[in-house]
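For reference, the structure I am asking about is given below.
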Amino acid sequence: MPRYAFFGPVGTFSEAALRTVVPDAPAEAMPSVDATIEAVRTGAVDVGCVPIENSVEGGVPATLDGLAVGEPLVVVAEVVLPVSFVLAALPGTALADVRRVSTHSHAYAQVRHRLHRELPGVSYVPATSTAASAAALAAERDGGPAAGFEGAVCAPFAARRFGLDVLAERIEDRAGAQTRFVLLSRPGAVPERTGDDKTSLVLFLREERPGALVEALEQFVTRGINLTRIESRPAGDALGRYCFSIDCDGHLQDARVGEALMGLHRVCERVRFVGSYPRADGGHAVLGSGPTDAAFARAQDWLEHLRAGGA
Amino acid sequence: MPRYAFFGPVGTFSEAALRTVVPDAPAEAMPSVDATIEAVRTGAVDVGCVPIENSVEGGVPATLDGLAVGEPLVVVAEVVLPVSFVLAALPGTALADVRRVSTHSHAYAQVRHRLHRELPGVSYVPATSTAASAAALAAERDGGPAAGFEGAVCAPFAARRFGLDVLAERIEDRAGAQTRFVLLSRPGAVPERTGDDKTSLVLFLREERPGALVEALEQFVTRGINLTRIESRPAGDALGRYCFSIDCDGHLQDARVGEALMGLHRVCERVRFVGSYPRADGGHAVLGSGPTDAAFARAQDWLEHLRAGGA
Amino acid sequence: MPRYAFFGPVGTFSEAALRTVVPDAPAEAMPSVDATIEAVRTGAVDVGCVPIENSVEGGVPATLDGLAVGEPLVVVAEVVLPVSFVLAALPGTALADVRRVSTHSHAYAQVRHRLHRELPGVSYVPATSTAASAAALAAERDGGPAAGFEGAVCAPFAARRFGLDVLAERIEDRAGAQTRFVLLSRPGAVPERTGDDKTSLVLFLREERPGALVEALEQFVTRGINLTRIESRPAGDALGRYCFSIDCDGHLQDARVGEALMGLHRVCERVRFVGSYPRADGGHAVLGSGPTDAAFARAQDWLEHLRAGGA
Amino acid sequence: MPRYAFFGPVGTFSEAALRTVVPDAPAEAMPSVDATIEAVRTGAVDVGCVPIENSVEGGVPATLDGLAVGEPLVVVAEVVLPVSFVLAALPGTALADVRRVSTHSHAYAQVRHRLHRELPGVSYVPATSTAASAAALAAERDGGPAAGFEGAVCAPFAARRFGLDVLAERIEDRAGAQTRFVLLSRPGAVPERTGDDKTSLVLFLREERPGALVEALEQFVTRGINLTRIESRPAGDALGRYCFSIDCDGHLQDARVGEALMGLHRVCERVRFVGSYPRADGGHAVLGSGPTDAAFARAQDWLEHLRAGGA
């Protein structure tokens, strides 16, 4: 049975994401994205669940960089969750009692306007995660030290997990935000092709010059492959050197993806394959004029026919 | 005299960056990147200094998004600072006395390994900024409440600013990191062309299809313009829609940059010009085969000659 | 009044083409395409009419090369004629009397199968032009020397011009062929833009390398301009060096054509503008996603607005 | 033993080209390029030698079209000959005796200026080929009918072949011209790869739109393959539809050529392979940044490694 870990503590969105895939399997809460990734690398666990991208904040640097450098890891599944926060408190707390609110600074950024409108004068206490603020309230209830605040801004999942009351739901300033999580694994069998898959890569360009990036992206375009995400990340220690984290439509087993990968291998300094897995973001592959496997097979047959002296 | 603001509190790297440009001008510390940007937008100040990119962490979402949406702002200067942290404490504190260390979570991520090697068993207290941790020690010294920790991880600038002792210098895990800061302003006169300039843009593509991004980037390539940064940012509320924050070599007044901008204006849904300003990142323009202003002028003369019936 | 010349002798398709434009103006028959072009260059005439392209034979080398090298000339109009041959003879000649047929070798190539089917055993006498064979019969009738053949394969226009009988019409092996003729002039006022125009160019690439041609053609593609003809021609004396004769949709006064020309001027060794003129080939401009003049004007306005400090 | 044919009659440049490959084998003179090609197609002969390209005149339409349509044929060798003409006459003829000169109109075009300078007042008698004019003189000498002219402009090879005197050598107006000939065969074994090969193709594009040609040519560019010739030819009966006759560096067995062919097969309406054969034009392959077979093999190995679950 595979062992699981997630970016903890218990009650985070990352745990919620993992639970949509394995509702009941034992899973370890790790203190950071880095620690989660490292646990997969060392073999302490087999699968780690971490956030990779948020529709408001953008890419999660620790995850992107964990996939780009160090021992190779691959994405074996993705989960997309709506980002929605609740204001949780110990049972018996009234909304008016909440004068101090704690949460992670990223979450605070997303609820700030609403919070200050509903609770004028409320003060903010930083926490290491949204779940940590919920956990601190639960600890106070269970005889631990005073949390130092009355309200925790956390995932609905965390409020349930820690037995807190929900004073207000959907308190995010901007509705509709989503976070994409990935389940990471050491390389091994690639998930089966489903026909609606994505492939993730990291490209390190050979040199800095006008057109180097375009030359690499042409490898997708000439094969009709749609890019669904492209993100530059710092490569090395100084500014001005980047690698590119890329998701495209299609699966490693698709002929056109295979040929694009080979093309990238030839024109890039280095290419890291970071997994092919079923899409879970509600989108569908944009086919463009991209040739099908059948068209690839016909072209291959034709070439072999020619090489055998045919016409 | 222009009024200045920076991403505070007093003593941050952002203030240090601003001080390299205006050493002594009065400048207001703002509680967040968003607040700094907003102060420029409303006219409360004329120039705001915020971080935009870090060679380890990558782009700063709040800055990138502040430039991409809302009332237009432009970059009028950039400053690149080495990212180096000190461990600061109240005068009289010995290294062995430090059992709790406070700083911003981003800074903590960059000094963690070194800190735990040098101070085994040290615990971490989150702070809202690196400067806030220094300020809290200073406040304790000045008769305020106990800071709750003995050591502050902050910029050298902050230790000086708050009169703290430096117990250890250059404690970052990875040497050589840099942060790029930008000075933002409301649109107005564009800084003079120096011959070694950068131009920043935000592109919103017209549609999602294979090649849409490449088609836009071709506008740079066909004019021999080097991209120095490309970063995708979420556009809108759901995953899968991006805008692209781009820096390229050259100045708005350069013929080839002007023509590329016009080309982008035609092929993109929307293009936002975010400033032309002198490079400060130690790099030099990569010219590629890019045509000079003289070549543009000759081409323009030739066209006019043809249109007048010449050959 | 302009003076005209055409690729003669009297009665050629070139004269027929010229007559569709100026039915009655005096016009001089020149002995060759080269001589026609030269007459325009020296100013002996103002306008010369020569064939440039045939839907069966392809480009006419003498015309393409005359436009590519030497003193510049420009196309001021094009005429497209169906290529249809008649078998002409002196009045009183019966089909069965025709044992020898004369025409230009190109015409012979286009009627050969039909001719031998209808007139088994007929022999072929080469002539310097289709009209020359008709003229020789007329000369025989008018008391000149014996032509040495009974049938002339020529244009319907030539049979009428020389008072010959038409023994058979439309004797070409392949129906539907067309020839495109151009009226050449020394550079001067470019014909007015009609909205359905073509522009002709000759490109000399800067160097031989993978992508040099594509780089040049990208100047059209990135501006959404359709190419209607591209033809390589030898450049210089040895094999393997080419220039490219190109027709594209649009007029020199169109913004996108102007910008593409300027782009070509920058990336090519040399570009020769060979005229903008109304389309006469029954086609219509393929607009692709090409930006309109209005889109160019908006982009230009936007750039000027930015350069003036706007946003 | 293979049977040979060439574009005759005996004594043409085409025979001279064939003789550089098979000096003594029996070979049949055919009356036209078309007839030569047809003799190969029907199996009447195994190899046919025809001109394909001239450094002054450009492509030879009959050859290009013979390769583009009808039953497939392939080029199995190329021969490049300098184009140089002699003025030949029957033994005993002095230069001053020559008042009428005969040759093919193409040859006449290439010697005209020189001829008229050296022999003022000379008149021109068209012939069906350069060799035919030499043969007519020989026939007159051997008791046949009077040739009707004193001088024949033909290849040095033809003067020797027919026992004529050479009155003047190298009489071409422009020195250095070359003609490229191809030896055609029915498809079968492709000539061995030599490392300095060329591959010929005919491309039929899928649709007329801006970029369709560029999209096809990108298949070469993205694989670093240099084009050595591109020529548009009419496709179909009306103007405005073209196919493209293309030569590129490399051999069908080269990985990058194979992959480019497959790419073209996918993006074009139709691709015709017209042979891979050793270069004979004095040039060498321009490698550009084109990936080697070894780079292709490494990319292929890498892909297979990934597909087997590696990283």
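Annotations for the structure displayed:
Letters A, B, C and D mark the chains as written, and numbering starts fresh at 1 in each.
What we mean here is this: a contact is a pair of C-beta atoms (placed from the backbone, for glycine too) under 8 Å apart; a residue touches a chain by one contact, two chains touch by 3 or more.
The structure displayed is predicted, hence computed values, not measured ones.
Listed here as common contacts of subunit C and subunit D: no chain. Taking the definition of touch as given, a chain qualifies here only if it contacts subunit B and subunit C alike; none does. For this pair, subunit A with subunit B, the centres built from the Cα atoms lie 25 Å apart.
We define each chain's centre as the mean of its Cα atoms; on that basis subunit A and subunit D are separated by 59 Å. Residue positions of subunit C with contacts to 2 or more other chains are 218, 289. The set of touching chain pairs reads A-B, A-D, B-C, C-D, using the touch definition from the header.
Listing the residues of subunit A that touch subunit D in their complex gives 72, 74, 187-190, 215, 218-219, 222-223, 252-253, 258-259, 261-263, 265-267, 273, 289, 291, 295-296, 298-300, 302-303, 306-307, 309-311. Taken together, the subunit B residues at the contact with subunit A in this complex read 34, 53-59, 61-62, 64, 80, 105, 109, 126-128, 174-178, 180, 208-211, 213-214, 217-218, 220-221, 224-234, 236-240, 242, 281, 283, 286, 288-290.
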